[in-house]
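The next part holds the structures, each set out as structure tokens.
Common to both upcoming complexes is chain A, partnered first by chain B, then by chain C.
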Partner chain A sequence: MSAALIDIADLSIGFTTRAGALAPVLRHIDLTVRSGETIGIVGESGSGKSTLALAAMGYLKPGLNMLGGTVRFAGQDMFAPGAIVPRIRGGRLALIPQNAGQALTPSMRIGAQIAEALRLHTSLPTAVHDARVIDLLARVRLAAPSELVARYPHELSGGQQQRVAIAMALAGEPEALLLDEPTTGLDVTTQAHVLELLRDLAADTGMAMVYVSHDLGAIARVCASIAVMYAGEIVAEGTARQVLRTPAHPYASGLIAAIPVLRAPRLPRPLEGRPPAPGAAGPGCAFAPRCALAEAACRTSPIGLVPAPGGGHVRCRRAEEAIHLPLRNEGPLRTPHDDNAATSLLRLDDITVRYARPSLWQQITGQHPSAPPVVDGIALDLRPGETIGLVGESGSGKSTILKTIAGLIAPLRGTTSLTGTTLAPRVAQRPVGALRSVQLIFQNPDESLNPRQTIATILAQPLSLYFGLTGAALQARAGELLAQVRLGPHYLERLPSQLSGGEKQRVAIARAFAADPDIVLCDEVTSALDVSVQAAVLALLDALRRARGTACLFVSHDLGVVRALADRVVVLYQGRICETGPAETVYTTPLHPYTEALLGAVLEPDPDYTPRLLAADVIEQGPPARGCPFQNRCHRRLGPECHTVTPPTQDLGDGHLVRCHIPFTRLTETAL
Partner chain B sequence: MLRLVINRLLLGAITVALASAIIFGAVEALPGDACVAVLQRDAVGQRLENCRRELGLDRPALTRYAHWAAGALRGDLGVSAGSGKPIATLLGERLRNTLLLAGCTLAVGIPLALLLGVLTGLRRDGLLDVVLSTGGILAMTVPEFVSATVLIFVFSIGLGWVPGIVLAAPGAPIGDFFPGIVLPVAVLTMVMTAHILRTVRSSIIEVMASDFVRMATLKGVRRARIVWRHALPSALLPAVNVIALTIAWLLGGVVVVEKVFNYPGLGRFMIDSITERDLPVVQALALLVASVYVTINLAADLLTLALDPRLRTHRGRG
Partner chain C sequence: MAVLARMLARPSGAIGLGLVALHLLAAVLSPWITPYDPTVIDAALMFAPPGAGHWLGTDQLGRDILTRTLLGGREAILVTLVATPISVAWGGLAGIHLGLAGGRLDDVLMRVVDAVLALPWILKMLLIIVTFGAGVNVLIPTLAFFYGVPVIRVARAATQGVVARDFIAAARARGHSRVAIVWHELLPNVLDALMVEGAMRWSWMLLAFSSLSFLGFGVAPPTPDWGLMIADSRSFMAIAPWAALAPVAALSTLIIGINFAADALAKAVGLDRAQSAPH
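What follows is the complex of A and B.
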């Protein structure tokens, strides 16, 4: 075997708390990466995985200190003072950052930023830099690279920015790449394309890759081996197959089981509890408080990394049993809520929204903005107790639709009606009863909960506003609500900042249910959460909703999450409905080409799973003025009518509608 | 991009036009008029009527506004009610003097403030930062007349290095203002440097902690280049507006400093005209200051566009 390229030995990194105690973020990490190896480091937020990746480059975030150990790249100590480290950084060892949109310098053209890397890390004469930049952009499969060089980062889409960051990393012809959540924040179809690019790069160049992510699906696609991190330690490592198929650590199997899957309508299995804060872990296994198999000895004695029963290594005393833990929730499959006879609770009719306001000149001359509406002709019916999932990628208008229903945006045309009564377009004009009846839960609880109000105050508002509760009755009800989201009464006096992300989202859910609503509108409510926390929040939301018979409009970009909850789905692209129908039908036999592409791009935490890249990798600037919204990326485009004629709605019965020019008989043939 | 610039220019012109109307209206709303103000106790009978005819005050207000505005566009601001000289000439001399004072202050102050702001930001909580930040707050909070007096006491009376007041007449050649201008420049520099330094410092700290600076570090870019090429354009953005306000403040007449040092600039001219109740001059000065503010802010907007490419293509959404 070749010599180690990246050699991390007994690395501990931490910070000093205000009280003066040492809080390790990484604890005794050993990691070796050889030329050509692809290693995935998986863990949830706070596990120390990003710190580890940056430490491999000899970089510590401000406030962190080396507590012990060494980091070497090709024999060089990366924390040695001197000029060698900057030459390795970005050259022989390059980073592909999370969120390239923020990692690219906003005031520099992308050509200049890539050329900077060439100047630093290659001996190429300056004269050929321009040509080389264009080569690199073409290599990461960006269209029209010679035009892109003069652009600024903000003029590119998220997927393009990420590719530019990859091109910049490749400029110095690195021997190893560090990837820090490189596809987090990208749309699922874009992510699939970027991952294929990374796979091909690894295969073509023999570059070593260290891929840090919370997403086991992405890691399974790119990496040959996996290390699982928990609370600053590597708790399991092995080949991708060993770790994903026969995980020998209870945390690893818990993580896999918490991932929502497309195959079956089933809630993922939550992993209760939360990881210890840095420095708070006891002498024993850090996972013991959350572990079903833990026994007294697990908590008291240090656990070493030992060979795992299924291959690889594991930091668990009970690996023999852990290997048999189930990798999915074994509860019953959910039965779709099917009550076709029921009258509609919420009805949207031809909802059309345009953001662009007419300019001063257009107002004077009475013209209208020329841009097509961002949401066009949305019609849907939500029946009592039913859950409809709205899925689509960024720009699909799904959040806009929720805001229109909630009265936060007035539509250009179209109506929202609640049990047969048309609602005023603006929330301020609606009667209190209608407000109580429709409650919104936002994506980010950090922003939707007032940081200066205690949880008690936050929950008291809907209770006093809608039910006139005061004093002891209000207190009692607030406590009851907290109990329903499984938080103790002692949370009442806390501020949002004293809660974890999952706890905050529980409070946001409790606040929505405090109004005893008929409908909850959920806007990406789990996207900001770790996967194990997400599973718990989904389970809670579903249980509450069922117990009260509340209907739900659930917006998400995550098809797995929607699969776990929704009775019916609406697939949106560029603010237009492509396909809608019972979830079971749409997920098992997607008919619209976009639905097919979307489902094909979803990754599974399985080393043998290959996503299908159907949709063309084209950047959409906005909805097209005419024809089918998906015309530019469709893999089954018929001909000119796709560009000029709005596709007809084909009714397949049972509420299954497809808007496509291709006759459904032909759509069904290929689907089966 | 061009449309954006034209838009801003148009908006600037509209703002100045509105300001001129408000100024004219305000002066009009004052009890009495320029003649009453200047003639004071003699403002009766024939003398008052003659004066009014001379200044055109006997015509309706709207006509006078149109006449005044049209004149101002051509650079003719009428005559001073006190001295009878053309206001444009009087104003021109003072404006030149104020420009000289402002120009010297900016030439010293802006590079100094930017440099110190960047240095303190990069060496956050270091000795230099602590000293300069404390000194900055001190310079900001001590009133100008106090620092001016202290400087005069030390450098003029005590050490005798520079004169403590400016003796040049408003129309004197520029050379006559030196070295008397040194102390007023020093006082103004102290005040403006502190403001800009603090803005630049905090924005450097913020930008140096940003993802793209970390990315540049991990790309192997040397620190000096990171600061210069990657961080500075973004870090200067908030400073541009503070600098613009400072320039406008300097050009609008720094009343206290000009008074203390007897400097014949716009600020002192304004005070003197107000005391003499020379309303046509006050009116013209107000219009000039309004135009200066609009022009400077316009320049700052355009500079911001140049520094931040994101704003150039940004179209107001929602």
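What follows is the complex of A and C.
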């Protein structure tokens, strides 16, 4: 066994609160990474995992202080004063940040940025830099690297930017890579490709990797071992197999059970409660307040890392019982809403949206932009009480469709009708009743709740607008609504900034349901939340919706989440419908090549699971003018007709429609 | 109240608010606490240096400078205290509406704003005063109008930062009226910027008012007024520097106080951090 490359011993980092108290963010962390090892650090937001990654580089965010311990890289103290650390950083030890788009210099060409890393961290003669840059770009599997060097970062897609960041990190031939959520924010199919690249790099170069993420699926794909962090401590560590298959800490098994799965239409199991704020953890186990197995001793006396029953180490008194905790929600499967009554609640007909408005000059000269519409020909029928999942990657037009239904965007053509009545394209022209019955819930509650309004004021907006409630009646109703989203009445006088992310999203849900809507439009409502909080919010949303018989149009890029909620699914690519049908059918026998590729790229928190990379990893600049929207990436492209002719809609019965040139008889053959 | 406490917690805020409070107090109480008549001329006392009877000395007509300095801010403070809220209110509302409306109307009107701002202020003010005469009933609307124009810019910029956020989209989708969106959703988020801007505008207006008096277009003699006092004593700087120093000190401490307070207010409401990332 080789010597430790990264050696973190008894590391504690914290900040001083306004009251003068010391709040630790990391508590007594011991972590050793040897050459060739790949370690995943997983935890919810606020668990200290990013602080740990930065500390490994000898860096603390402003306001944080070392409280004790050491960080060494190849024997060198990373917090010792001196000039050696900057030379290690970026060279022997490189960081790949979460958002490569922001980490790259916007005004510098790709080639120049990588050459800069070569100049700083290698002794290569300048003459060979150009060739080496192209080498590196090819190594991260970017197509046409010799053309790419002259591009600027904004001309690349998110996935390409992340690859460039990886190439830059590789420039100094690092011995260890730190990855801070490197695929968060990437599309499912792009993420799968980047993860394969990282996995192969680790295998080929023998680099050590520390992979920080909240996503157990991504970690399972890349890392051989895993450390689980909670409230600034490592609570479980071991090989990926030990931690994911036989987790001996209730928090670890709770995290795994909270991940929505594709296999069955079932809500994930929520992990109730929230982690303690820095400095607020009690003397005992920090997880005890949320733990089903907690006993009196857990709360009062501290517990060290002990060997776990399934292998590895765990910080739990009751590890013997914890390994038997179920890793799935054992609850009943969701029964699809099966009311095939012909009444349509919401109907979209040929909705087509184009953002580019003709300029004054184009209006005068009669020239109009000819870019294809971002959303084209969307037809949809939502029945009362039904949930339709709209799935697709970024740029698929999901949010645009919701905003068009809500009347915030006027479509180029097409109509939205509610119980048979055609709605005006714009909010301002719609009757109040129609507005009340369609309510939007947004992705990020930090954006959708007014930071200057108390929760009471926020909930009062729809109540006074639609029902004319005032005074005591208004207060009482607002309290009822909060109770329905399981928040106490004392939240009424708080501001959004005093609530956690999950609580804020509950308030946003309460505000939507305050209107007593017939339809809720959910726009990625859980994508800004931690996975454990997501499970609780999904369960709440589903319970509320069922109790009131509210129909739901649920937009998400997360196929697992849609699987948990939706009765029917619409798969979108580049603003065009590829496939639509009952959720069960589409998930078990996907027919459209894009649906197949999407489902294949979904990750599982399982070290033995291999995603299937079907779709070609190319970037799309926008929807194609003619032919199939998926033509450039399709792994089953037939021939020229895919590029020139709009694919026909094939009806397989039971509302299952596929838009593809390949006859469905052949599509079904391969799907089986 | 929390904002006030946070302002007072900073040295600049405490000093600034202290200075402003002192000046307001002096302006209100001066008619009762001043020891002499500000307008009585006494040739025997001409240019008396600061001493026991006249703490700050006397001017070229033998009038007590302490008395005149204490009273000399009343007109300026009264006029600007009326004009400032009017300028912030109209400029703020116009800016919020332009920020919300956007489009061609916004484009055109902002160019008009640019044009008005491009003219030197003294030219604009003098043009109005020469046409309509001096006096409070002309000065207040004139100051309120011209000093409201830059407020449009600030309010519009602050609004544009808020308009794109989802809570505005949510309010629009619910079907609230434009007035309700401005009042309930936008104004609370723009108010901080307007308050800071108002404080800054106040100090600019005080300077403008005093400058006009200095030039002879503001307060008419013999009413004591800082600008006027500085203008009168200018010729005698060499023999009686105290006559000019007292009004200069009074005006500057008030301006500095307002600026300190505005700065502390901006920090207390987090406006100075508004540009940085939300983490």
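Just so we're on the same page, the second predicted complex is superposed on the first by the 671 of 672 C-alpha atoms of A that agree within 3 Å, B and C clash if a C-alpha of one lies under 4 Å from a C-alpha of the other, contacts with A are read in each partner's own complex, and residues count from 1 in each chain.
Everything that follows uses one rule, which is that a residue touches a chain if its C-beta (ideal position, glycine included) is under 8 Å from a C-beta of that chain, and two chains touch if they have at least 3 such contacts.
Worth saying up front: this structure is predicted, and the values here are computed from it rather than measured.
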Touched partner set for A:L435, first chain B, second chain C, both or neither: second
Partner chain(s) touched by A:G407 [first = chain B, second = chain C, both, neither]: second
Which superposed partner A:A103 touches (first chain B, second chain C, both, neither): first
Residues of chain A at both interfaces, chain B in one complex, chain C in the other: none
Complex interface listing, chain B residues touching chain A: 209-212, 214-222, 229-230, 233-234, 307-310, 313, 316-318
Contact set on chain A toward chain C in their complex: 403, 406-408, 427-428, 430, 432, 435-436, 439-440, 442-444, 446-453, 457, 461-462, 465-466, 511, 515
Residues of chain C touching chain A in the complex: 165-167, 169-176, 180, 184-185, 188-189, 278
Complex interface listing, chain A residues touching chain B: 54, 57, 59, 62, 86-91, 94-95, 97, 99, 102-108, 116-117, 120-121, 152, 154-155, 165, 168, 172, 355-357
